[in-house]
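Common to both upcoming complexes is chain A, partnered first by chain B, then by chain C.
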Partner chain A sequence: MSELKELIQDKLSKESFSGNGSLKALSQKGLELFNEQGIPTVKHEEWKYTRISAVLNKDFSYAVDATAVTAKDVDAFRLPGHEAANELVFVNGIYHAELSNIRSSVDELVILPLSEAVKAEYKIIVDANLGHSAGYHKDGINAMNNAFAYQGLFIAVKKNKSVEHPLYCYYINDARTVNVLSQPRTLIHVAVNAEVKIVEEEVTIGTSDSFINKISEIVVEENAQVHLYKIQNEDSHSSCVKTTHVRQVGVSKVNSVTITLNGGVIRNNLNFILEAPGCESNMYGLYCVKGTTHVDNHTIVDNKMPNSLSNELYKGIIDEKATAVFNGKIFVRQDAQKTNAYQSNKNILLSDTATVNTKPQLEIFADDVKCSHGCTIGRLDEEALFYLQSRGIGDKAAKALLLHAFAIEILEKIELEPIRQYVDQIISERLDFEI
Partner chain B sequence: MSEMLNTLEQTALSEYKYGWVTDIEADEAPPGLNEDIVRFISAKKNEPEWMLEWRLKAYRHWLKMTEPEWANVKYPKIDYQSIKYYSAPKQKVTLNSLDEIDPELRATFEKLGISLDEQKRLSNVAVDAVIDSVSIATTFKKELAELGIIFCSMSEAVQEHPELIKKWLGSVVPMTDNYFSALNSAVFSDGSFCYIPKGVKSPMELSTYFRINAENTGQFERTLIVAEEGSYVSYLEGCTAPMRDENQLHAAVVEIVALDNAEVKYSTVQNWYPGDKDGKGGIYNFVTKRGICAGVNSKISWTQVETGSAVTWKYPSVILKGDNSQGEFYSVAVTNNHQQADTGTKMMHIGKNTRSRIVSKGISAGFSQNSYRGLVQVGKNATNARNFSQCDSLLLGDKCGAHTFPYIEVKNSTAQVEHEATTSKIGEDQIFYCNQRGLDTETAVALIINGFAKEVMNQLPMEFAVEAQKLLAISLEGSVG
Partner chain C sequence: MLSIKNLQARIEEKEILKGINLDIKPGEVHAIMGPNGSGKSTLASVLAGRSDYEVTGGSVEFLGKDLLELSPEDRAREGVFLAFQYPIEIPGVSTTNFVKTAVNEIRKYRGEEPMDAVQFLKKMKEKMKLVEIDQSLLSRSLNEGFSGGEKKRNEIFQMAMLEPKFAILDETDSGLDIDALRIVAEGVNKLKSKDNATLVITHYQRLLDYIVPDYVHILYKGRIVKTGGKELALELEEKGYDFIKEEVGEEIESPL
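Showing the complex of A and B:
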């Protein structure tokens, strides 16, 4: 681990970020905490089931020349519907303006480096929100990203604007020559009455190891609506820790759908901090994994004010030697009376070498609430299978049909048709399901 | 609504009725913990060399360990050097009959509602009474011995059945298991030993009653139950302590072994002094309980009603090693005032076709924090394992907390594991319905709480169920009629 520390120190000393204020402070605090904590081990409760140190225990280069990536490289993995989308390309963790393609006007959508946003009219927003996630993740991984927060990107969705073109964000690691570690950082501000859809995908070019440690902080104001879609479909040499930290500071609605299909070690931290009364948050997840993929979804819903509703449904199909981890925390603070919070995690194990570790967790300090969680781990319903077989559907087809039906509940939550179809197609192929 | 809140708030005024002290001459060890104390305890009990060695090994291991901090409870650091590790009521000679027991002692147990007299025969329960550190009397020994059942204090067992103790002690909870079990292994002063021979169904319920009496003492008892092939026993455990301003430590270990086709049912009504309404005093209840279904078709069932203790840290577990074995855990945990409870269970599925069932009901009132923490683990070879868990929490008042931490780890595709949890308060509509049917609010609350806990209460042996239900009423006095 000392190597990683040296790498980070070295990189930071070369960069010598000259600014000051909140960015500098966060960067310094991040470095201090990282040096103190290092990479969390499995003794850290939050990392009990994910041995992240094994992933990072390799010879990583921090960042490679971003110019090696061309528009042609990007073409290879553009998501369907990109013709009508704002495409934001990050290369080795840093926003690449030339490769990006912004269709919305600046009246709707403002994209600025954080180091500039903090000097301009967005200073108050940046100061108040950047690094908010550090209060929920006091570990070396989060700290490591904070140390480089000054390289991050600021995105503002303007007041009363419904952004027509969804934001497609590609996080590219160029691992054609060396193992690459990157730490993208974004702060997204969705103003009053605004609406936006964001799709994220990580991409590794090349066959060396890739690790993305990403933090995305999103602030959602009164009456705003945000849709977040994540698609994770990489090779086994690509791993990531993705932290998405949503603060709902006004009555607002946020939907999140996380689809995990393949990869090395994938850790998703998804936090919803409900700071206004009457917020609605929906968190959906589907992991359909095999091989040796390790997928870990950690979610937090922190209800701070009354009358909020949160809904969480994560489903998983785990095959071969894959491992799935789920930890859902629901906090209901003393003031958050009349909170309704639901959580459910359902898993189907397809092989005896697959593993599921799940820990749904409720922490409740208010009495007038309705909270429930449920989780199941099992196999396909024998009776349903038998029913289908008795109707002349073969064993394999019947299984595929049932598994697809299991998955579709989540896919339906994607309100962006091209993306939904794209994911459905991958899943159908994976399950040998014919539409 | 306000009436209902009032009713609920009154819960904070409940009183502990077992808080008196008996003035009994006691034989005590000076406060502090070192090898000499361990030797002192061992010498007091006239133990053989191997037992002393075992204790010393545990003590040396304990020195290397640190107190666990992961539980969702807060309490000031325990000063292990200020505790007295041994306190025994003075008795001059070995007793031949129960009539010879110190009348003070006898009165103590009468007051607790536990008669040590033979008339207890009517209720058909054999009692082992443990006061502070030692077992003072065991009833029905002779009758049980006729069937081959050994039911005696741990000290006696070490003397009279060393081969059994050597074989089984520490076999389920190794001395190195955790901080408190290591401490217990080093300084345990007494406890109960129970051995059911092959094919014997115990004709009566066996029961241990624990009472902390002396000041500044810790209680460290150890219970070991071995059920041989095809045997059955139902075991009860109860406990109380006087009201004191200082916190007292109780770190017990319970081990259960069930061999082929054996069944053990273990019921606890835990009513240690919970501290006063400002959270002063009370017992720290840090207990390790574990059973192993070592044989095929064996079954271990834990039922607990937890109403006492300032801080509880307790996870009765079952290791389901034998094929077709079954584990059960039923719990009602009530916390009031400033009590904190972190309790739950572990079910470890190892054998094939193993089944487990967890029903946990938490009731929090006042300023208390009540946590369920459980683990369900299905190993690679545990084909057709089945688990169902249900944890419900009821919040009475807006200053208390209810928390759930279920860990589920599955490595076998044929496993079927279900977990569900809910948290809610007593609904206004429920109260309204009862009111409308002519029940006043207090009775309605009582009715609802009783209904909430019923699933667990039903698992208790008759005798205990009555006591437990009363206890539930006392703990939540004001809201339960």
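Showing the complex of A and C:
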């Protein structure tokens, strides 16, 4: 890790950050905290079931040249519907303007390096929001990304604009020659009455190890609507920690769907901070994992004001030696009366060697609230299986039908047809399901 | 068509069927009646292949094949159909897709090509009329949120689509009001032919007003203790099950 520290130190001392107060301060603070904390071990309560130190205990390169990646490389993994999407390409953690393809006009969508955004028009927004997630994740992983915040990207969705072209964000690690660790960082501001759909996918090129430690902070203003879709489908040598931190500062609606299909060690932190009365937040997740994939979904809903609704449903199909972790934290602060917060985590284990750890955590300080949580871990329903078999459907097809039915509840939440179909196709193939 | 000989079965350690003998020929409708706990639903489950039950003796031959050797799906593919007493709700699977999968799995087993979409829709429309079931119901998740009557009509709709040679109706009348009962029974009657057979399992005589049986069997403590024509059902309705208990009680207690 010393190489990493030197690298950040070097950057911070060389580059001029005059006038970039909040950005420089965050990077420096991140470095300090990282030096102090290091990579969290399993003794850290939030990392108990995810041995992230084992993944990072390797030689990683931190600042790999991005020029080797070509548009042709990107072609290999563009997502369906990309012809009508704004494509944002990040290579080894840094936004790559030449490989990106922005279709929306600047009066709808503004894309700027954070180092630029912090200087001008967006200074107030950046100062007020960048690094907000650090208050919820006081660990070395969050700190490490903060240290790299100076190379992050700012995205603004302008007032009253419904962005027609969804944002497809590809986070590419070029691991063709060395093990790559990247630290992408974005701050997304969705202004009053705006609407945007964002799709994210991580991609590793090459067969060396890849680690993405990403933080995305999203600020959602009054009457805005945001849809966040994550697709995670990688090989066992690709791991990541993805932190998505959403502040709903006005009455707004945010839907998040996280689909995890395979990978190495995957940790998703998803935070919803509801700072205005009457917000709606929907958090859905599906992990359909096998092999030795480890997927950990840590979610936080922090209700600060009255009358908000949060709905959380995570479902998992875990096969072979895969492991899954679900940790759902809900805070209802004293002022957040009439909060409705629902949480559910349902798991199907397909093998004796598959593991799931699930933990709901509710901390309620208001007295007039409706909160529920529940989790199930089980096998396929024998009664349902028999019902299908009694109609002539073979054991294998019946299982596939039931598993697909289990998954579809989440897939239906993806309101972007080409993406929904794409994910459905992968899941169907995985389950040997055909209609 | 179906020949049950000395069939014995248990669930866990409890003996439920203690030697059932029954012969059913094509074109016939048989009814099995009996008090609660007599083994009616167990018989239906054993014939359909539910794995909770262990067959401890006897044999079942269906169209020349040893039925008990077949998996539940192969029994269905050979032409056995069980209309469930409590149809299962399966969220996320539409009835249409479910039935289409079933039809094509059965066709595959018989070495036939899968039915194309046009053929399938045509057949579906025809059978929908038969049980007065609505298209909107079939597009919904299988049985999810269906009323009791809708669930039972859906069972008969599936039966119509799969065209079984031998259908078992397990307490199909339970939870039905008189109108739903009539619709379900009319559906069953329309599906009757000289080539297929039906076994109606019921606690009450009511259903047999609509589906008229050729034979009525009374099941009591795991054995068929009395067989007669349709008038036996009326007698039972009039006198109650106690008369059976009195009549055969002694005999049942003694060993075979």
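Convention: the second predicted complex is superposed on the first by the 415 of 435 C-alpha atoms of A that agree within 3 Å, B and C clash if a C-alpha of one lies under 4 Å from a C-alpha of the other, contacts with A are read in each partner's own complex, and residues count from 1 in each chain.
Here is the rule we use: a residue touches a chain if its C-beta (ideal position, glycine included) is under 8 Å from a C-beta of that chain, and two chains touch if they have at least 3 such contacts.
Predicted, not measured: the structure shown is a model, and the values here were computed from it.
*Asks:* Applying the document's definition of touch, where does A:426 land relative to chain B and chain C: first, second, both, or neither?
*Replies:* Touch status of A:426: no partner.
*Asks:* Mind working out whether A:409 is in touch with chain B, chain C, both or neither, as first, second, both or neither?
*Replies:* Second partner only.
*Asks:* Contacts for A:313 in the overlay, against chain B (first) and chain C (second): which applies, first, second, both or neither?
*Replies:* Touch partners of A:313: none, neither chain B nor chain C.
*Asks:* Of the two partners chain B and chain C, indicate the one touching more residues belonging to chain A.
*Replies:* Looking at chain A, the partner in contact with more of its residues is B.
*Asks:* Just chain B (first), just chain C (second), both, or neither: which does A:390 touch?
*Replies:* In the superposed model, A:390 contacts chain C only, not chain B.
*Asks:* Answer with first, second, both or neither: which of chain B and chain C does A:54 touch in the superposed model?
*Replies:* neither
*Asks:* Should A:371 be classified as contacting the first partner (chain B), the second (chain C), both, or neither?
*Replies:* A:371 sits against chain B, while chain C stays out of touch.
*Asks:* Let me check the overlay on chain A: which residues of chain A are in contact with chain B and also with chain C?
*Replies:* Touching chain B in the first complex and chain C in the second, no residue of chain A appears in both lists.
*Asks:* Provide the residue numbers of chain A that touch chain C in the complex, in ascending order.
*Replies:* Listed in rising order, the residues are 381-384, 386-395, 397-398, 401-402, 404-409, 435.
*Asks:* Under the definition above, what is the set of chain C residues touching chain A in their complex?
*Replies:* Per the stated touch rule, the residues are 48-51, 71-73, 75-77, 81-82, 84, 87-88, 90-93, 97-102, 105-106, 109, 141, 158, 162.
*Asks:* Going by the contact rule set out above, which residues of chain B touch chain A in the complex?
*Replies:* For this pair, the touching residues of chain B are 70, 378, 380, 393, 395-425.
*Asks:* Quick check on the complex: what are the chain A residues that touch chain B?
*Replies:* On the chain A side, the touching residues are 45, 334, 337, 347, 349-379.
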